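Next come two complexes built around chain A: one with chain B, the other with chain C.
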Partner chain A sequence: MLIEFLEALFLLSTMVMAAYLIRHYLFTIAVLKFGKKWKTASNHGNASYQPTVSILIPARNEEHVIGRLLQRMTELTYPKDKLQVIVIDDASRDGTGKIAEQYSEKYSYVKVIHRGEHEGGRGKASALNAGLKHALGEIVLCFDADYYPQKDIVEKLVKEFADPTVWAVQGRVVVLNEPQNVVTRLVALERTGGYRVDQEARDRLGLITQFGGTVGGFRRQLLEKLGGWDEQMLAEDTDLTFRIYLAGYKVKYVLDAECYEEAVDSWQAYWRQRYRWAKGHMQCAFKHALNLLKSDKLTLIQKIDGLLLLNVYFMPILVFTSWIVSIPLFVLKFCRWLSPFWVAASISMYSAVGNFAPFYEVGVGAYLDGRTRAQWLIPLLAFTFLYNVPICTKAFLDLLFSKLIGKNSNHWDKTAHFGNGNCYIAIFQKR
Partner chain B sequence: MQFFKNVETVRMIPNPNLISMILAFFGVLFFIILTLLPSIIELKRPEDPGPKIIIDYDLIYLHNLDVKTPHESELTSFSTLREVAAILALLPDIES
Partner chain C sequence: MKSMVFGLVIGTLMVVFFHLLYVPSEVLQALLIFNIFFVCVYFPLNGPLKRKVAVLLAGNVICFLWNMMFSIFVCAVSAYLSGDFNALLAFLNPLLNLLWMVSFWSIGLTFLAEAKPEGWEKGAH
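== the complex of A and B ==
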């Protein structure tokens, strides 16, 4: 009985892995084959379309980076009479509020909202909702405090809204402090695969384009209709993405709207960030999976893609489980229906191809960016995958435990930023 | 362990002995080193020009310094750019 159960578990996990493998390959091949054609045909927005825009910048203890972003906001090429920049100083204990105030005094379109200890510090969703109340623009864009956008990014994002069927947009994130150390270099590779290939393919193939929580935005009307961000969710961006699609709207990905971010630069910070993402995604999976399947506003292929996207952080756990299961089945030879050849073949394929299918996206993304040398680091991504196994397992167990005891454990463990990208920006700022 | 007794097992290594174990160990070790070799080389002697330069029209200084354009810049070590950036940051702004 136990052997049958283990065999079934192994088969199930292999089938789910195969689904992700096929998905990653399809995305990679699609971008490789059609990427250039898509890029040349991407000027579909109306560049002369210039609605009023509000930019929300939630900031908690960001004194090392907030000045850099606000300076950049003043350099944006979008007409300033149509621009409103709202900094939400979310109960900061450092000089964030003071720096933001300096810009507010100097530039009339910069507004600062100070949140005290009693109302602030409850997470990004809460801060964004506070900012949304003050937003006057027809379009609402969001930027994290550690970001550094192109000067014309607002035009690039906003032109998509000339199409009345577009209700939300997402731009591309590029890691700024990439050369800092091996962690930032690997995060940059992950971002390359995610934004150069994965997001682009999902958008172009009409699947679920994910709003990443920053470098993107919405029609204010949509946000008001959906009731803003859900403050109970740790991955408020993924949650909003699915609420948008379930309500019958879509998110548009704009590949050429690029923005720098400061990536986490230590394994401890990586753990904290990914733990939050994993737990948040799992929360979203519990919240939206059933609604997704029942939705009459999504196509079958969108539902499948949505399910795979929602459950992506369960994969390291599933893969780990299948490794464990394969020990009694194959190493201790209790499996009765596979010959040694097929066992060796399946394990080799599973480990060499199946687990690492996303790395093909990374490789192609780096290739399309002209970063062939960066591809040399791809084998190291196997370690980040292994590192994600305990992260996702802990996130899952913690979420399960909090659900069992009925306690909401939505502690927002914010990523600290130290302005490590400043030295790289200096070269662009000196003109 | 009763339920395992009736199972007909198939051994992947029919007669494991010391030599086969040593060979397997070194085989795996060789495979791992071979797989990681490019990464180790790139980490020891980084030649990737990253990060991706996305702020094209701000590159006037890069051109003035005869640094390669972004597409050609694969040949340029980013550490050099970083050093240049540090120097530039210390210089007074001649436009102001």
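== the complex of A and C ==
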């Protein structure tokens, strides 16, 4: 009985993993085959469409980076009379508020909201909701404090709203401090796969384009209709993405709207950030999976893609489980249903060809970006995958435990930024 | 599409060549999988055909050497240990093949990337 159960578990997990791998291949092949066509066919919105825009910048203890972002806000090419920049100083204990105030005094379109200890520090969603109350623009954009956008990013994002069916947009995230060390280089590769291939393919194939929480925006009307950000969610961006799609709206991805982020630069920081993402994603999976399946606003393909997206952080756990299960089943030859030939053949195909899929996606992303050396580190992404196994397992167990005891454990472990990207700004300054 | 067909022909010729050298069947299988797979993921990319063929040939040599060494290792181990360990090696072999294939493919991309390095690769980083 136990063997049959293990076999069934193995087959099920292999099928789910195969679905993810096939998705990687499909996305990559689609971008390779149709990428140029999509680029030329794209109408790139309406450049003359210039509505009023509010930019929300939540900031908690960001004194090392907030100055460069606010300086960049003053350099944006979007008409300043249609721009409102709102900095939400979320109970900072450093000089963040003071730096923001200096810009506010100098530039009339910069506004600072100070949140005290009693109301602030409850996470990004809470800070964004506080900022939203002050937003006057027709369009609301969000940027994290450690980001550094292109000068014309507002035009690039906003022009998509000329299309009345577009209710939300997402731009591309590129790592600013890529050369800093191996962690930042690997994060940069992950970002390349995610934004150059994954998001582009999802958008063009009419699937679920993910709002990444920053470098993106919405019609204010939509945010108000949805009730803003859910403060109970750790991955407030993924949650909002699914709320948007479940309400019958869509997110548009704008590949050429680039923003440069300061990536985590140590394995400890990587752990903390991914742990928060994993737990938040899993929360979203519990919250939205059923609604997604029942929705009459989404197509079958969108539902499948949505489910794969929602459950993506369960993958490392699933892979690890299937490895554990496969050892007694196949190596010790306990398998009863499958003949040894098919077992060996499927393992070979799956291990060698299937597992190549995520590397393929990242490699093609780097290739399309014209990178000539970055892809040499691609094999090391296997290490980051292995590192994600304990991260996601811990996130899952913590979430399960908190659900069992009925305790809300949504502690927002904020990523600290030390301005390590400042020395690389010069390269991106003219863009 | 033409370059892919050409690549497949080259790959098939390489497998036939190694077959004539009486290499073990598991090495031939690995070569066959490598050739089909590599042609599918490498040849559709833009770049000179000569370079693609050169990289494919180099990959065949590495694939042959790697799998021959592994095959000899398995033979040596199986003389001393039980069949269970062989099963474990058979299980690990595709994963180990994957590691060198990913590394080889990623380096191979460098030869095809249109020389338009941006950002970091533009400077002296």
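Going forward, the second predicted complex is superposed on the first by the 408 of 431 C-alpha atoms of A that agree within 3 Å, B and C clash if a C-alpha of one lies under 4 Å from a C-alpha of the other, contacts with A are read in each partner's own complex, and residues count from 1 in each chain.
One rule holds for everything that comes next: contacts are C-beta pairs under 8 Å (C-beta built on N, C-alpha and C of every residue); 3 or more make two chains touch, one makes a residue touch a chain.
Please read all numbers here as calculations on a predicted model, not as lab measurements.
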Which of chain B and chain C A:M1 touches, first, second, both or neither: first
Touched partner set for A:P51, first chain B, second chain C, both or neither: neither
Which of chain B and chain C A:L32 touches, first, second, both or neither: second
Partner chain in contact with A:D369 - chain B first, chain C second, else both or neither: both
Touching partner for A:P379 - first (chain B), second (chain C), both, neither: both
Which of chain B and chain C A:K151 touches, first, second, both or neither: first
Which of chain B and chain C A:Y360 touches, first, second, both or neither: second
Touched partner set for A:P179, first chain B, second chain C, both or neither: both
Which superposed partner A:E258 touches (first chain B, second chain C, both, neither): first
Common interface positions of chain A, toward chain B and toward chain C: 174, 178-179, 330-331, 333, 344, 369-374, 376-379, 427-428
Contact footprint of chain B on chain A as seen in their complex: 1-3, 150-151, 174-179, 182, 185, 188, 192, 258-260, 330-331, 333-336, 339-340, 343-344, 369-374, 376-380, 423-424, 426-431
Touching residues (chain side chain A, partner chain C) in the complex: 32, 174, 178-179, 326, 330-333, 344, 347-348, 350-353, 355-356, 359-360, 363-364, 366-367, 369-379, 382, 427-428
Residues of chain C that touch chain A when the two form their complex: 29, 33, 37, 41, 44-45, 84, 87-88, 90-91, 93-95, 97-99, 101-103, 105-107, 109-110, 112-123, 125
Sites on chain B touched by chain A in the complex: 3-4, 7-12, 35-36, 38-39, 41-43, 46-52, 54-55, 57-62, 70-71, 74, 78-79, 81-82, 84-86, 88-89, 91, 93, 95
